Amino acid sequence: MRMWIYIVRRLLLVIPIVVGVMTITFALVSALPVQDRLISAFGAPPKNAPGGYSPTIPCSDLNKSQNGTCPNPLYVRDTHKLGLDQPIFYQWGVYIGNALTFQWGYVDNHSGASQSFSQIQGQSVATVLGWFLPYTLELAILSLIIILIVSIPLGNLGAVYRNRPIDQASRVISFSGYALPGFLLGSFLLFAFVLALGPSVNWLDPTCKTETWYQFWVGSWPQQSCYTGEIWPTWLKNGFISSPTGFPTVDAMIHGQWWLAADSLLRIILPALVIAYGTIAGLLRFVRNSMLEVMNLDFVRTARAKGVPEKTVISRHAGRNSLNVTITVLGLTFAFFIGGFPVVETIFSLWGVGRMFVYALLSPYDYGLIFGSTLLFTFLVVFANIIVDVLYAYLDPRVRLG
Amino acid sequence: MPAVAQPTVDRTNLPTVDVAAPSATQGGTLTEPAADAGHSPVVLDVRDLRTYFFTYDGVVRALDGVSFKVRRGETLGLVGETGCGKSVTAFSVVRLIPDPPGRVIGGKVLFRGTDLLWGLDSEARIKIDEKTGRAKVRRSFRRIKTALERMSAIRGRGISMIFQEPTQAMNPVFSVSDQLSEALLLHHGTSIVDELLNATPSGPQVRPALEALVDTARNGAPDTVRAAAAKVGQAMNSSTFGTQAFYLVSESDLGPEDMVRRLERVAHRLRLSRIERAYLRQRRRQMVVEDELHELYLSEMREGHINRRQRRVLRGRHARNRLRGFYYGIWGIRGRIQRPLRDETFWRSVQRLEEVSIANPVQIARGFPHELSGGMLQRVMITMALSVDPVILIADEPTTALDVTIQAQILELMRDLKRRIGTAILLITHDLAVIAEVADRVCVMYAGQIVETARARDLYQHPLHPYTQGLLSSIPNLERPDKKLSSIPGSVPDLIHPPVGCRFHPRCPYAMPICKEQRPPTTAEGDEHTVACFLYKGDVAVE
Amino acid sequence: MTAEGTTEVPTPTAPAPAKVVVSRRGRRPNPRIAQMKRTWYFLRRNTLAMVGIVILVFFIGIAIYALTQPIPWTQLQQQCASAGINPPTPGSGCVCTYYAGSANPGPGCYQTPLNYPSEIAPTFDLSHGTLGPYPMGSLTVAPNNPVFYNIFTGLLRGADWSLGISVAIVGTGALIGLMVGAISGYFGGWVDEALMRIVDIFLSIPQILFVIIVIAVLVSIPVFQPFDARIALLVLGFVIVWWPFYARIVRGQVLVVREQKYVEAAKASGAGSGRLVIRHIIPNSVYPIFVQMSLDVGTIPLLLGTLVYLDFPIFSTIYFPEWGSMAALSVAGPNGVSTITDALLTCQFGSCVIPWWQFLFPGLALFLYAISVNFLADGLRDALDPRLRR
Amino acid sequence: MMSTESALPLISSFNLRKYFPIRGGLLSTRIGDVRAVDGVTLEVRESETLGLVGESGCGKTTVGRLMLRLIEPTSGHTYYHPSPEVLARLEALYATLKGSVSDNGHGPSPEAQATLKELDEIANQYSLYRMKHSKMKELRGKLQIVFQDPFSSLSPRMLVRDIIGEPLAIHHTGSRRERYQRVGQLVQDVGLNPEHLWRFPHEFSGGQRQRIGIARALALRPEFIVLDEPTSALDVSVQAQILNILKKLQAEQRLAYMFISHHLSVVRAMSHHVAVMYLGQIVERAGTEDLFSRPLHPYTQALLSAIPVPDPTLKRERIVLKGDVPSPAAPPPGCRFHTRCPAVMPVCSTIEPPLIEVRRAHWVACHLYPPSGAVPGSSSGMAPAVASEGDAGAGVPLAS
């Protein structure tokens, strides 16, 4: 009962955060120069229009001209169309409304992304991101699994065998994780597994297109096509939307292509490792320190005095308590975790929301895609935090029972 | 030797005894009249115990040659100011000293003739730097690990403890029943599983017993209902079902036939499925192996050498059983196959809570530590410590964190339990008054040494050591409040640079030159009364 | 621990006040120094921390040494000539000094921020064989306008930039965070609620993306266009994103300290809020940020590198040797395709050499710097935290 | 120590109430109150000690902090140095108020409103809680506090010299040099020596820290000091030292103490008057001798009998109270003690007994002692307790 109240309260707390994030993006957008916004909304001004989107144009019409210039009709029309002539609060309301209803603008042919992926021209940003989200999610889930599998046992061992080889090892791992930026680690791995080892192991190579592996099992092996600029796997139906679920691995299974499924998992192992590494670094120290603190607490001493064997003391009594801290920290570092995606997806030229963000960044006027992907990532973080809090409440009766 | 055979006897027969009738026939054989406590066998004999802490500021000589005896069924009080090493003594006995920084350096802790500190000297290689006074400690972690394994055979069933802060001392994420049943399973596991396996949920005599129970419940005085419930338990030879039935009928207000049907439904849960039985048998096998391991550890400590072959055999069996256990873990329904055991242990912990006369044991057992008051938690702690029928109970400042009225309750409870179970109690507190309430004999500690040991009566009537005298006279007295409080000047010395000779001499009113030079010997003044002070010239006590 | 004999029962005869003049002459050493010694003792026992200190000292030494080194003009000219760019003379050509706000630089001249004289010197030929479109051993922003310079010199010159920027960011962010956190924690109530909600909002946006979009917007704002010291914008953007971390940490600590009895004692003797916050609360709640700050000083160059790697425009116009960006530019390619992938696209297996030296050395420098800072920070935490100190 | 009745009241509080809100529910709205202090009326006389006794959570510490205005009360007022006529008027008003409120529980009657209005006027003039901050800051020098926990009451990052000198610095008394001289003087008064000034608090033992705390409280030459369990964290021998110092200081500087403690024997050794608190209310108030020799309220009797005595020879019959203290969030109706009272009557669970003067200067809030002039002697006062010992002692002693 109290648990439900807790969850509902947590959900209510999400509202101000989401609105606040949208407000921040709104502030950033409205700080942009008006002309850029017009271009990003309506494309480049027509060649014949004098002065383009400049607010005023020189004219000789005396009755409405001051010192030889009069307002640019194109500018006036489009600002009105975009609602930029309204008071700022009204604009804010409109913006929030659109953002909440996933109207984040359109990907037009100015976008670097649309140049690379001709299929997404003219689609709405939300749709496009919806197409790409599953690829990112698969990567995220895999790397989360890696994170949990590695960091919790290692951290606990580090606390138990304190200042001894395993502790030092975990220390070095975590610090090197702090100190290795994703792009360097990714490049190293790419070197090691793609160039150094050559085609013999290119089944690990994420940059390689999946369908070639597929074709290989079908019978032909075009080695070159592994490195052509082709981006989308042709085996997926209607362009790059894998159907029916959108998750390539799942779809491959549904299509009965088990090798394909295994392959598309194999190919995101390296990126997942790169993403996981940074987060593991952050998590390990917290797990270890919290475990150390818990093991100095009284109830652990009580358990020992009861005659509970040491293994059980650590795994059951201490471990369960430090698990709460671990989960909380995982929630806190989730934003960083998400921040790794653009880089990694770029290095390994995977397709995903992060890469969309980068493409949008490189294209001059593609604000819709930039802010859209940012909002999407933020929603992911918020969602993860809700899950973490509920899990925490479930694990800790002090929270659950108020 | 019989002293060692004792614990196995306790573990096997006690559960069946006290489960049948909680308070009445409780351990009548074990109770010792206080008169011949002097002649009853010594269960704990601590000789010249030394515990040091190696810190930044230097080596803290927390315990420097502490010796005392605890006899069966008696209560020994250990009293002294903060930092005099009372708690360190207790933790050294069960080897709960956090290491680093602490470490037991030397001495003997004979628990029924077994030296708990066996193999200690080879563990520590300590170099003390004379200039800075700091120390380098080399540890062989393997030896420490084995030593701790050995201790798990002693802790709980041999020596169990209760602590000062009940709210801190219980695990916040587990319910009271979880923590109680953990202790129960650790030490009575086999018998619990046996009873669960031998329970007969159906039979000719079950139904009538249930009906009898129900109609006694309709017009029943509680104890008659309880008796009827116990009869039901006997009928199904599972005593926990008796308790469960008692609380069912006393709480719910169903019509009689519904009640009977409901009871039968509950009883039906005791009819175990094949997988559940298999699981229980596996648990039992594991418990048996663990018991054997503990026996092995005990014998190792007795005979003084490690029996590697036997260890390898037992460990192998343990590991194989673990693997079989994983099979049940992988089996998706682990929660369900564990449920019979969980219910059993839950109701057993309810029974244990009844024994310490807690009014609503079911709610308490379901509750979590943060929902209960300090006094209640302390009772639960006592229950937990005593539920394994320990030979010695070490109570470390059990009432310090509690209020006066609650303290009175707890002391009352401890006296009562002592009368019933006859466990030897080592009571550690700074409050001379509390000691006076419960202790048979008292050791007064000062700066890591025991300065005086006597029967409580003697100590309070004629204290010999100046420190004891000072302590007693500095207690504000309710009877004579007008007299000015006399206080001991100064404060406890730091144990990094303890005073040479008698450690009390800087604060001692009778300090003599010899006190500054050598440490006074422990001399006997009258029977059971020893004191370490140069003022007294009794014959040197044989420790 | 107390020293002996200091606490005899008070004697009614108090000496004359004249004898009670309080001065430390001839008494024990300054207790603060004693505390530092204590910390240093625990730090010294921590091997990794000592390693970190050594590396940091080494790098600082390098930075100082680099500032004294002249620029090899003649070498520069030869190399530029060989690379087919018009030969440089001091102040013009492919290496020049560009002052913000002055006229547009000549061809192949790359401005440096804050009127910082460009240290760009030509590369040493580090390998045999060539790689795709890029000149050997060079860092580049885009294939059509190569920036030549010597990796070694760049590394030398990079030290002070990396340190300077991250210290500036962390310092400012920590200051803001300290103020916000202290206010929020001390006054509590709706102030706390509001501020913490804001902090949550900021923290729930992925930091890297947030920094990028903030800086992107700042750069595109016409007001900032003439003002060309974009590093200031960079720092500003990072600070906007970074202060909430410190605010949250400080606030948590303040909530603990606020309940301490000594604060109440000061209140009981009439201290106002200002005095309480400045004298009691802040001094007792800053330590946790120090650790966080030192960690971030190590982390931020990596993030700079990440920004550059994402080909973020702010670095494509202004260019300066900084480890993060050096490493990033060495692996980054045009529109988000990494050099490696590019190399894979251009030359098939084994037919060409991958410029490992390009990102190995800057990457190594970056890695060593960050890891040493982390070692030091962790050692500090252990030394300052009595619970973890053993 | 005999209580000198001639002494004037130095500080007196009327009907102090402090409710801490409990927040909860969906929008964390206020779902209840923790009634930490509920209608406490106290007075401390010049250079005398009032002992405040009670179990943990009974609100005694809150009373102390309220009387120093370290927290603002929910209602009620405290008057510092009230002039005799004001005091007399106040007592009269509160008496009438109590009468008029007790006869109709709901809503104050018109005359009650009149009294309330007059009370408000007096409060506006004299009450501690209506003072402007500048005036309050001056007064703070006269009202000081010594805390229970000697380990959290001294700032770990300040030198002892600065800790003790801080009140002086706050009030800008004298030059820096004079201040340090005064600090050195204070340090010697509490029995430390000047070299300690150059240390940090963590270098001291508990007793020494408590001495530092006392020195800090004395810095501004206060008249009234709240001693909040000053010795409960200390050992007996050190406790005796501290108590002796406090007594000496009181004799030298004519200090008035409010000695808050759960340790009755210490309270008896220290104080002239004693007030016993239970669940935020005062159940008994009397001179020390009177209270300890002839306790009237069952709770006081139980408390007294629960104190363990350091003498194994004498075995007293003890009243063991059942159960725990109820939570102050939901105090039981009527007499708050009736859930644990050994002498409980049906009336106890319905009507809340007023605090009435059953003997001279001996106030009790219990239905055993009817407000009528016929005051039962101590014998009949003990009677219910004695009767209760039968069922409390026999059978299961701790059934709750």
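Letters A, B, C and D mark the chains as written, and numbering starts fresh at 1 in each.
Definition applied: a contact is a pair of C-beta atoms (placed from the backbone, for glycine too) under 8 Å apart; a residue touches a chain by one contact, two chains touch by 3 or more.
These numbers were taken from a predicted model, which means no experiment stands behind them.
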Separation of chain D from chain A in steps, with touching chains one step apart: 1
Between chain A and chain B, centroid-to-centroid distance (C-alpha), Å: 54
Between chain D and chain C, distance of the C-alpha-averaged centres to the nearest whole Å: 55
Approximate Å spacing (C-alpha centroids) for the pair chain A, chain C: 25
Overlap residues in chain C, where contacts from two or more other chains coincide: 1-2, 7-9
Touching two or more other chains - residues of chain A: 296
Multi-chain contact residues (two or more partners), chain D: 205, 207-208, 241, 244
Chain-level touch network, classified as line, ring, star, complete or other: complete
Chain D-facing residues of chain B, complex: 81-82, 356-359, 373, 375-376, 403-409, 411-413, 416, 430-437, 456-457, 460-461, 470-472, 474-478, 481-482, 484-489, 491-492
Chain B partner contacts - residues on chain C that touch it in the complex: 1-5, 7-9, 38, 41-42, 389-390
List of chain D residues in touch with chain C within their complex: 65, 68, 70, 136-138, 140-141, 143-145, 147-149, 152-157, 159, 161, 163, 166-167, 170-171, 177, 180-181, 183-185, 188-200, 203-205, 207-208, 211, 213, 216, 219-220, 241, 244-245, 248
Contacting residues of chain B [partner chain A, same complex]: 94, 96, 98, 141, 145, 148-149, 152-157, 160-161, 163, 165, 168-175, 182-183, 186-187, 290, 368, 370-371, 381, 384-385, 388
Interfacial residue positions of chain C with respect to chain A in the complex: 48, 197-198, 200-210, 212-214, 216-217, 220-222, 295, 298-299, 302-303, 305-306, 309-312, 324, 327-328, 331-332, 335-341, 343-345, 348-350, 354, 356, 359, 363, 366-371, 374-375, 378, 387-388
